[in-house]
Amino acid sequence: MRLEKLRQEVCDANLQLNKSGLVLFTWGNVSGYEPDEKLVVIKPSGISYDELTPDLLTIVNLEGKIVEGELNPSTDTPTHLELYKAFPGIGGIAHTHSTYATVWAQLCKELPCYGTTHADFFYGAVPVTRQLTAAEVKDNYEQNTGKVIVELFKERNPLEMPAVLVANHGPFTWGANPAKSVENSIVLEEVSKTALWTKDLIEIDKSIPDYLLDKHYLRKHGSGAYYGQK
Amino acid sequence: MRLEKLRQEVCDANLQLNKSGLVLFTWGNVSGYEPDEKLVVIKPSGISYDELTPDLLTIVNLEGKIVEGELNPSTDTPTHLELYKAFPGIGGIAHTHSTYATVWAQLCKELPCYGTTHADFFYGAVPVTRQLTAAEVKDNYEQNTGKVIVELFKERNPLEMPAVLVANHGPFTWGANPAKSVENSIVLEEVSKTALWTKDLIEIDKSIPDYLLDKHYLRKHGSGAYYGQK
Amino acid sequence: MRLEKLRQEVCDANLQLNKSGLVLFTWGNVSGYEPDEKLVVIKPSGISYDELTPDLLTIVNLEGKIVEGELNPSTDTPTHLELYKAFPGIGGIAHTHSTYATVWAQLCKELPCYGTTHADFFYGAVPVTRQLTAAEVKDNYEQNTGKVIVELFKERNPLEMPAVLVANHGPFTWGANPAKSVENSIVLEEVSKTALWTKDLIEIDKSIPDYLLDKHYLRKHGSGAYYGQK
Amino acid sequence: MRLEKLRQEVCDANLQLNKSGLVLFTWGNVSGYEPDEKLVVIKPSGISYDELTPDLLTIVNLEGKIVEGELNPSTDTPTHLELYKAFPGIGGIAHTHSTYATVWAQLCKELPCYGTTHADFFYGAVPVTRQLTAAEVKDNYEQNTGKVIVELFKERNPLEMPAVLVANHGPFTWGANPAKSVENSIVLEEVSKTALWTKDLIEIDKSIPDYLLDKHYLRKHGSGAYYGQK
């Protein structure tokens, strides 16, 4: 029952990702997590968004074993699994090669927080992973991609920083549910774009003051939030 | 009666803002002012443009007290109020996080007047506020945002310069009515974009000659204007 | 009869210009020329493209006197007239503030010929006018804009270079008829964009070799052309 | 029979190219190859995509002689023919002047492999041709364009590098069939765009590690591929 609902949510989120203009062809995937059964619903690999329906989605357990579905899950599934295992409280993950977030990933640079749009969603600079070693790429590449992401969050709260840039590759974002992970991908792309032009012209590399970051992040998130309706 | 008309205008202007491509999600708001009753009609906070109707708008007085409506007004309402109190003659205000105007705001740089497109609408460089202090951010942040804007206009005429960049944040624009404030947001975005690429490649930082600025601004505005139909 | 046909062509070309995405609001205009009667059909000033119909167009003679129509012609009419007087053989003129061509105009730089796309349409670098003097701006500004354009073509063939950048302002393009002038505006915008990024990253400022320019321009134009169908 | 199918495929691929936003006007062409009869089906020169139907396509043999069709083939036909003669196994070729790939061609720079998006499709930096000499441009220009492309592939496998940048001109891409050649044009444009902004901001000019390039290219191509469904 909950899994059926999650299937629908994951399908809707994948279609929303496609509609947002962040993906070319099949270059993106969204998954959702059912924490009680510890199961992940994910887009099948290489399937066009045009033909995606909830029943085509693949369900795997946290070891990556297919529990339901006839299609191979996204090649990036082992990356998703590492994140669900390490980040309690997240219910959806999105991966894209969206243009501007990918530029930052290709630069192997963290995305500085230059403005309040960024601060409304991400509590500080969006981190970038280290490059994977040759050994990490050779075997279990996709799982190791997840592991280098998790490395970055030893000292970070993934609920306050629901995005990461994988060096030379592209972004992953997450959230309380699949739709939120897609929303974070859209926001990340927009702030990646404004930050790119800001960095291109800025004379001294400076982010916004911490007190402004705090104000914006905390007026939208947490117990003192006062943005939107109750 | 006048308030009902203003409700419709503010709703239309918010929908126009959304249609213009300047906003993602709910990242923008337009308000309108009724000077006789000193009331402000404004978009409610966090409501999607898709579901916005005139009756959902919130009406507040200049102290920010809700006079009509069940929804919280935009979080940025105190900023709007400071502007209506300080700038006699304006009837509408728009706020966005539009990409290129936001870049200039993030650069904490005034937007130079590099061409006649800019001069047709804004009489000189569009000013940028100083950064707010930690104390100004901590309490009454949105009101203080309005105050730092007003500071800039001690020596400027807000009717000749219907736009401002808030440092690290984004633009506010205004006009005789809500629709005009949105038009100014659209123009500001376009001139922010052309100015960005101009600045990126220009060898000596120069704006257009004053006499050309005067010509273009004054052929569209004021008693000697000769653009358009009578 | 010929004038009625021209009215339709000028109206269509204005609508095509709008559809091409080169104009915001009413920031553009197209005219057409009837050489036997020496009359110019032009868009009226400040009229929205949505409401433009052939009968709303204004017809003026080469002295700028309205011959037909109740609406003021485009403010830029005197510029168009100077070009029709000086450039025999052109039948249409378009003016826009399109983003990337405007950047080059704001840079006050000629647009270098970096590639064959450019060479297919413009026989060398697209020239930029000198800045107008204060006196030229003060009186007869729009006519003087035409005169500084004409200055540039003393040594150039306007049929081989159907475009110009007005310093601090924007582009004018022309052609055998109104539709061709719009086509040249669209091409100018595209090559302005590619040239901008080329210039941004190029190490030594070099245009394409003359022999390649000749080849591309001449395979599409003139007696030896072999592009397209006969 | 096979030729009729190829006509349809080439027509569809040309329409797909147009729909992808990579071409303005008629600035692009796709061809397909029938290896048994050694015939090439190609877009006719200067024909609008709106009016393109399979029966309008021109069929030529490898010497460029028209075998079927009343319209002149694309001016670039001799370039296509050189590639079909030199690259066994390719079944379709696409040529565009798409914005960002053209920038790289205008820079006369190979397109570095900065990320995995690129590595998924092109096995290393996309090469750029040398500039043609005056003699090569003067006579048999389009054929010589093909020859300088072929020069670059003496040491390269065209099946692993299905794209090239012609200096000062634009890209050609190819693939197993016409649709694949268009897909490669779309991918080339996207990676050209991300690489442009990466190059603009990167401090040390570095491509991705070889082991990462290998992993990404080989997980999608060849006998060990594991992307998508079987």
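Order of writing sets the labels: A, B, C and D. Residues in every chain begin at 1.
Rule of thumb we're sticking to: contacts are C-beta pairs under 8 Å (C-beta built on N, C-alpha and C of every residue); 3 or more make two chains touch, one makes a residue touch a chain.
Model, not experiment: these values are computed from the prediction.
Trainee: Could you work out how far chain B has to rotate to sit on chain C, using CA atoms and steps of 5 degrees?
Mentor: A turn of 90 degrees brings the C-alpha atoms of chain B onto chain C.
Trainee: Looking at where chain C touches chain D, is over half of the residue numbers used by both copies, so same, or under half, so different?
Mentor: different
Trainee: Cα centroid separation between chain C and chain D, in whole Å?
Mentor: Chain centroid spacing, chain C to chain D, equals 33 Å.
Trainee: Report the inter-chain centroid distance for chain B and chain D in whole angstrom, where each centroid is the mean of the CA atoms.
Mentor: Whole-Å distance between the two chain centres: 47.
Trainee: Two or more other chains in contact with one residue: find those residues in chain C.
Mentor: As it turns out, chain C has residues touching two or more other chains at 200.
Trainee: For each chain, which other chains does it touch, given as pairs?
Mentor: Touch list across chains, by label: A-B, A-D, B-C, C-D.
Trainee: Would you tell me which residues of chain B are touching chain A in their complex?
Mentor: Listed in rising order, the residues of chain B that touch chain A are 24-25, 27, 44-47, 71-72, 75, 97, 99-100, 102-103, 105-107, 109, 131-132, 134, 137-138, 141, 168-170, 196, 199-200.
Trainee: Would you tell me which residues of chain B are touching chain C in their complex?
Mentor: 114-117, 183, 186-187, 190, 193-195, 197-198, 200-202, 208-209, 211-212, 215, 219, 226-230
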